[in-house]
């Protein structure tokens, strides 16, 4: 293949600041000889994905975007609900990665049981339902919410403190040996959170892009 | 970190030809800016790992090797039984990947249910026990053996034909939507097997190295 | 409440013939003193729901329809993929029933393990994923396809013969003690199929409407 | 069918007051055009079913009663332990519903995970064993006892207060999204409990009768 | 304790020939210094336990027998449906063993997955339901019927031949690594069956008595 | 067989005091007519098995010991991690019992859900992983640590008090109906612990030897 391979990371919400955060998150995975990694906003998406309605508004425009893409070798859907994952897979022969799926699977390589930090408690039943769908409940230690808005987690100074607090409960009360950050917009907190907790912390977008790089490289 | 990161892929059997195959397998994942990937033979290992005794002879020398390693940022144990995975993890603060674990987890990103091609039928109960340990049985479509020796699979011309035959049974009779090659020495058959079957085929060593690259890059 | 209670059964595909079939299917559940049962076509829906894309095109218009509904006491989504079930539940305080969910749960009252007759084999992974999401896999005997189009099943003379054939395999080879008809448009075959097989056969729309009647009646 | 269909609800304990409560509970499901619903006391039953011995004394007289019944189109066993459910099913070609089974299955249509209010803690292991037998444990949020006698729950003023207290724990501590009342004699508390908790509350006898009506209607 | 300990093995059917077979079966476990093992017929029991009605007729007389027993240190219920196991446990402070439970648990010490030989196919759903209740389905390879009557298995010359045939299917087609004989009356075939199949064969009565001896000895 | 049968109980750590404790533990199971029970120290073993490294150092010397054994009819590996169980089974045609496996299986005959008392919290993930491997997680109520060293538990006066404290939490907070002592060196506390807790307490070595006696006796 003469052209350079390309991974398209799609932020399915229309908040450009989140997309910019994704660009920062995946930068360490951009190797000159590896695939180009492009982060893009789904302009038709809602400003944030906090409800089932938000999540269910995404699949069809996402599918259109994916079908319209040229020269893309792998797709990443960068929202922790993995909205549209299956319809995207149906619409392309290229591999499609959901960050929740990849984040959790990567956590399984780092500990016997993992914990998830959610933004809000109302997302937890949706996440649990999805873990059950994936058949991975036996490895879940627990999921606990920050009870902050996506906006707050993106900008607030208190976010890291609160993440450490919740992460400690997952580790100490629930027995989590690794933590998955249950949101696309938390990547910059990964390293300090890992240092504070003393157990591996997974940013799901990074996990998905790493798996995409692996699949593309060996084609 | 000024020095280049390094992944040490350890072939726990002492068959240097297998190690050479690993080098070929991981070559596409060697990016100039990414971690150096070194493949090494565990000289104390048995010539092949076909029995529980073979598998159980590996953990202690592997642990010694890992503890003696300098400047290694991630380890990969390149045998589909993941021998010594937990004792290795206990002995280092660097992440350790087992190829069976990584191969299966990667397959879960490509299909609802996966199939495994084993070399011999006598390995299957050991593999099933391990899948149950990992809590991943709900996604297994089936595992079927080539009934060839490791040596035969490494050299024989018939290997690919037999893999296609077994892969077809996994796909058509068991409903597998992706295939994991259940041996470290099958990498060169990955692409033709995938083409013949029309569903994703995962080489577990490549899967583990990709996950290791991802974890190292974002430290 | 002075007005008569009302159940709105929404056919999320735009095939009016299917809606007419639903009307026939639920007629035996229309009691003068019970809730009125209205069957309606989702005009924005695809003509049939055979792919993930079809299924994922439904939730948002369905949500709009549900939010616009006045004087509806319970909703039934009459497609065996239960598209939009969770987004519908989020959008109304009235109960919402999915026919796949209700059909399978009702089958659990009739036998230890149930079988599902699917229209096409490509729906089966989607159905299995959904059963895993519901946590009900331990009771599944098997799912087998007719390999006919929705159109064919609606009109063809051969449909019942083929359903009996597939139902017999579910009963005899897979050990199913009850059968769920995995499509909204099969209701008229329920009774002859049950007679031919000698085990209970569940029409999922009827199952959902019965559960809706029960919930409404006791408010 | 010329005669009116009939559902026989059998209270397997000999406490006529409980049977009278069942009559009240099912009244909203008596439609003039629907099946007649008859509630009857199993006179050979113990006065209450609080132990395994009580439960195991019921199947044989229940079977005799069922075999002696004429013109009954569906049976409901109205005790939350579902005593004799399988022997009853063996003894008749009419469908037989157990209220625990129907109550739990109905709860699955209202929330991702359900909680159960038991009368006494000593019943909980029996109920858990039964949920495991039904293969439904993945959806259980928790079960908590009132620690009252059946007599107290039937008559005491404090019962509702205590149910609200226990229901809140199931909702807030265990994450239940719906509540099953784990006793045949609690129906009159359903509505106020639901209002107090703000999540659906299922009376299991009503759930079973609704499912019976559905099956009968479509014969 | 000055008196010799005693295990009471109760055959819950009234076929004295079966009880005599139990006496033969447990003879090798009668150690002069160990507990006395008494095999007794439940005279109120049915002549054989082939239906749910048979099984459900046993618990109450069994409970009475157990409560009336003096100087019994452990009870064994010697029918593969374990009828009355829980009501028996409720009625005595001595341990009570069911042969199905003990037989399956013992098989788990001999192989990764076990197979069960049933007398008749109609018992299989009951057995499966019970395995699910015990939470042991993940280790079941399969269950297959002889399709003979209890009487035939007790007397017929063909029984062993048929058991070998069925056992081979469990081993070769289902992957069973050990076999449980799913009936109290098969003990004399254990050794020849084990020799013919080349994998461990468990007589469930012997398994239960051995576990009872162990519990009693260490009191 | 003319010679007396023999069970070899191997303490895989090299602490002779633990072996002496095993001798005491199994004494009640030594029947003159039953198998001779020999307890032996694996001299190559570590002084205690507290880490994965300790556990993984045992299988190969254990296998050698087992292959060198003459006239042994069953083996018991007397360490609660069951180190080397599968490699031992591969190396002999005699049955091999692991005390964790036998202890847990025996607990399943005494209660619906069991609790485990571990010495240290760091062993718990290893034990949970093993329970998942055995497919027995559905019956686990919980596992809690003493947080004492093996040496302390063997000698300290406080051990029993602490075991009672932890056992009460397992019973009252986690709902355990039986307790497995998660260490080979706790046997002398079995009876007083059982009396203090009022629920069955299983010493796993005694459980394994009883199962071994049962298998040998009926050969």
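Going in written order, the chains are labelled A, B, C, D, E and F, and every chain counts its residues from 1.
To be clear about the criterion, a contact is a pair of C-beta atoms (placed from the backbone, for glycine too) under 8 Å apart; a residue touches a chain by one contact, two chains touch by 3 or more.
Listed by chain with UniProt protein names: A, B, C, D, E, F = Asp/Glu/hydantoin racemase.
Nothing here was measured: the structure is a model prediction, and the numbers come from that model.
Student: Which other chains touch chain E (Asp/Glu/hydantoin racemase) while also touching chain F (Asp/Glu/hydantoin racemase)?
Tutor: B, D
Student: Farthest chain from chain C (Asp/Glu/hydantoin racemase), going by mean C-alpha coordinates, please.
Tutor: Measuring from the centre of chain C (Asp/Glu/hydantoin racemase), the most distant chain centre belongs to F.
Student: Mind checking the rotation angle between the two copies, chain B (Asp/Glu/hydantoin racemase) and chain C (Asp/Glu/hydantoin racemase)? C-alpha superposition, nearest 5 degrees is fine.
Tutor: 120
Student: If I average the CA coordinates per chain, which chain comes out farthest from chain E (Asp/Glu/hydantoin racemase)?
Tutor: That would be chain A.
Student: Weigh A-D against B-F on C-beta contact pairs and write down the one with more.
Tutor: Per the contact counts, B-F leads.
Student: Averaging only over C-alpha atoms, locate the centres of chain B (Asp/Glu/hydantoin racemase) and chain D (Asp/Glu/hydantoin racemase) and give their separation in whole Å.
Tutor: Computed value for the inter-centroid distance: 52 Å.
Student: Averaged over CA atoms, how far is the centre of chain B (Asp/Glu/hydantoin racemase) from the centre of chain E (Asp/Glu/hydantoin racemase)? Could you give it in whole Å?
Tutor: 43
Student: Of all the residues in chain C (Asp/Glu/hydantoin racemase), which ones touch at least 2 other chains?
Tutor: 129, 132, 134-135, 138
Student: What chain-chain pairs meet the touch criterion?
Tutor: A-B, A-C, A-D, A-F, B-C, B-E, B-F, C-D, C-E, D-E, D-F, E-F
Student: Show which residues of chain C (Asp/Glu/hydantoin racemase) lie in contact with chain E (Asp/Glu/hydantoin racemase) when the two form their complex.
Tutor: Those in contact with chain E (Asp/Glu/hydantoin racemase) are residues 112-113, 138, 175, 177.
Student: Could you list, by residue number, the parts of chain B (Asp/Glu/hydantoin racemase) that touch chain E (Asp/Glu/hydantoin racemase) in their complex?
Tutor: 124-125, 128-129, 132, 137
Student: Within the complex, which stretch of chain D (Asp/Glu/hydantoin racemase) touches chain C (Asp/Glu/hydantoin racemase)?
Tutor: It is residues 25, 28-29, 31-34, 95, 97, 101-102, 105-106, 108-110, 134-136, 138-139, 190-191, 200, 203, 206-207, 209-211, 213-215, 217-219 of chain D (Asp/Glu/hydantoin racemase) that touch chain C (Asp/Glu/hydantoin racemase).
Student: List the residues on chain B (Asp/Glu/hydantoin racemase) that touch chain F (Asp/Glu/hydantoin racemase) in their complex, please.
Tutor: 51-53, 55-57, 59-60, 63, 84, 86-87, 89-91, 126, 129-130, 132-135
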